[in-house]
Amino acid sequence: MNILDIAVRLSWRLLSSTKIDVDIKVGYTSDLLSDVMGNAPAESVFITIQAHKNTVAVASLAGLSAILLCSNRQAPQDMIAAADQEGIPIYQTEENQFWASYHLGKLLNLH
Amino acid sequence: MNLSEVVAALGCQVLAGNSSLTQNVENVCACDLMSDVLVVEKDNLLLVTSLTTEQVVRTADIVGAHGILISNGKKPLEKTVQLAHQLNLPLLSTKLNTFEVCVELGKLLKK
Amino acid sequence: MTNFTLDSSPSVVLELTLRLKIRDVMTTELILAEKKDSLRHIQQLMKHNRITGVPIVEGKRLVGMVSVDDIIQALDGGYIDDPCDHHMSRQLIVLEDDMPLSLGISFFEKYHFGRFPVLNKDNELVGIVTSRDILTSLLMEMNKEMEHLEEKLAPQKEVPPECWSREFTLHKFDFEHAGSASGTIKKEIKDKGLDPKNLRRIAVASYEMEMNLIVHSLGGTLKVEHTPERTILEATDVGPGIEDVDKAMTEGWSTANDWIRSLGFGAGMGLPNIKRVSDEFFIQSQVGKGTLVRSIIYHPPEKEVTHEHS
């Protein structure tokens, strides 16, 4: 499903300036950047509370399409700047990682 | 639902705390940052993470979680399993990644 | 290749891989070639310098790479005298010089190349790193960093049974024992029959204090003094001291490095968490001297149960 549609349906807020419409197939939930480097699938939303610049670097290297910060975590300025440079949108949700993952999975019909 | 239902639904391995699987699960925390887990004040909690260190068991014990589910097919370290045994804290593991676990658990909780 | 995961390594190795940057381990004396150079010339370079990969550059810009495998194929295919331009690898995976070593190691795991060229912020070639470079640097650093850890427990004072006090000595980066002090505190106080909510507050406060001492300080002590009326927790360390206490008390503000984050800590919740669960909270710190954090949790007296007589 298109990420712009997902964001509307699940009430995600866009924190960065990149508004691209990528197709999302699945989510990947982790707060351990080394784990994401090794295991995350491409064309996915990176679901995490790790709100800092390294998250963007890892997302870019692993080919993830977007970042979702949970529990209303704010992204610091340098993280947003890095994301804009890489063309990776950062979204924000008030839900925690568990509910954000479940609702995304349900929307993408993954259950 | 209780922990044995989680074990059955996700096909988990039970590494410790076999005698405490009747405990209830009403809330799930899917987070790898232990200091954020400490902020969670929910009861009947199941902690889902791919971290395998002793800190996971200590944190779960401190917040009074009913069980820990290690995701991503990670094998907890020997010391971690021993500590869980000592504290009689159910320690489960599954091959599914955290995102998949959340989707399945969300389904079960919503029933 | 064996399945080596960084997160199951001893903490000293982990700390090094996150503290060291690629620029700390890379080779900077580079043997380079240009597009017009023949593969035979490059083979000679490899032979004389005992290297297995030669970056191809235009000025300071990296344009390709020739490896030993490419040479073998050239010898086999009979085109060893061709300019390397036609046969070099152009799709290159590179590392940045200010990446932490841990990230570089994941690249080796993921891509199975023997070496990676290293670029600086201006995309100039500044070095090359092989798995041997990483090993050598780690071994050298580990030799430099030998730390002796002792665990000392202060003897228990003579106290009435419903009271309990203990002093724990905690050491920097002692992750093997991290959490055991607060685990003990929780267990001892639990047996005194406390309101579970208060027990939880004590557990969270002591755990956060213990982790702060281990993760951020040069070492110190955690003291607990428990009576049925109140529990006092006090964490004292010998340094480094907090520069800006107000900032440290802000949720999300952290001075933790990447290694600590990879272990699941350093999200900046420690001090705010302690304050949140305490009835009284006190913090004092001086850079170069150390920090003191005190938390007091009160236990309200049990309500009297009145029996109604019918």
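A, B and C label the chains in the order they appear, each numbered from 1.
Throughout what follows, a residue touches a chain if its C-beta (ideal position, glycine included) is under 8 Å from a C-beta of that chain, and two chains touch if they have at least 3 such contacts.
These numbers were taken from a predicted model, which means no experiment stands behind them.
Undergrad: If every chain is a node and every touching pair an edge, decide which shape results: line, ring, star, complete or other.
TA: Graph shape, chains as nodes and touching pairs as edges: complete.
Undergrad: Count the C-beta pairs in contact for B-C and for A-C, then report the pair with the higher count.
TA: Looking at B-C and A-C side by side, B-C shows more C-beta contacts.
Undergrad: Starting from the mean Cα coordinates of subunit A and subunit C, work out the distance between those two points in Å.
TA: One centre to the other, that is 24 Å.
Undergrad: Going by the touch rule set out above, which residues of subunit B reach two or more other chains?
TA: Residues 32-33, 36, 51.
Undergrad: Among the residues of subunit A, which are close enough to touch at least two other chains?
TA: Only 31-32, 35, 49-50 qualify.
Undergrad: So which stretches of subunit C touch two or more other chains?
TA: In subunit C, the residues touching two or more other chains are 7, 261, 264, 267.
Undergrad: Applying the document's contact rule, which stretches of subunit A touch subunit C when the two form their complex?
TA: So the residues of subunit A in touch with subunit C come to 31-35, 37-38, 49-51, 54, 57-58, 73-74.
Undergrad: Which part of subunit C faces subunit B closely enough to touch in the complex?
TA: 7-8, 175, 178-180, 182-183, 186, 196, 200, 203-204, 207-208, 211, 261, 263-270, 273
Undergrad: Which positions of subunit B touch subunit A when the two form their complex?
TA: 28-33, 36, 48, 50-51, 72, 97-100, 102-107
Undergrad: Of all residues in subunit A, which touch subunit B in the complex?
TA: Touching subunit B: residues 26-32, 35, 39, 47, 49-50, 71, 96-99, 101-103, 105-106, 110-111 of subunit A.
Undergrad: Which residues, counting only subunit C, touch subunit A once they are in their complex?
TA: Residues in contact with subunit A: 6-7, 102-103, 106, 109-110, 252, 258, 261-262, 264, 267.
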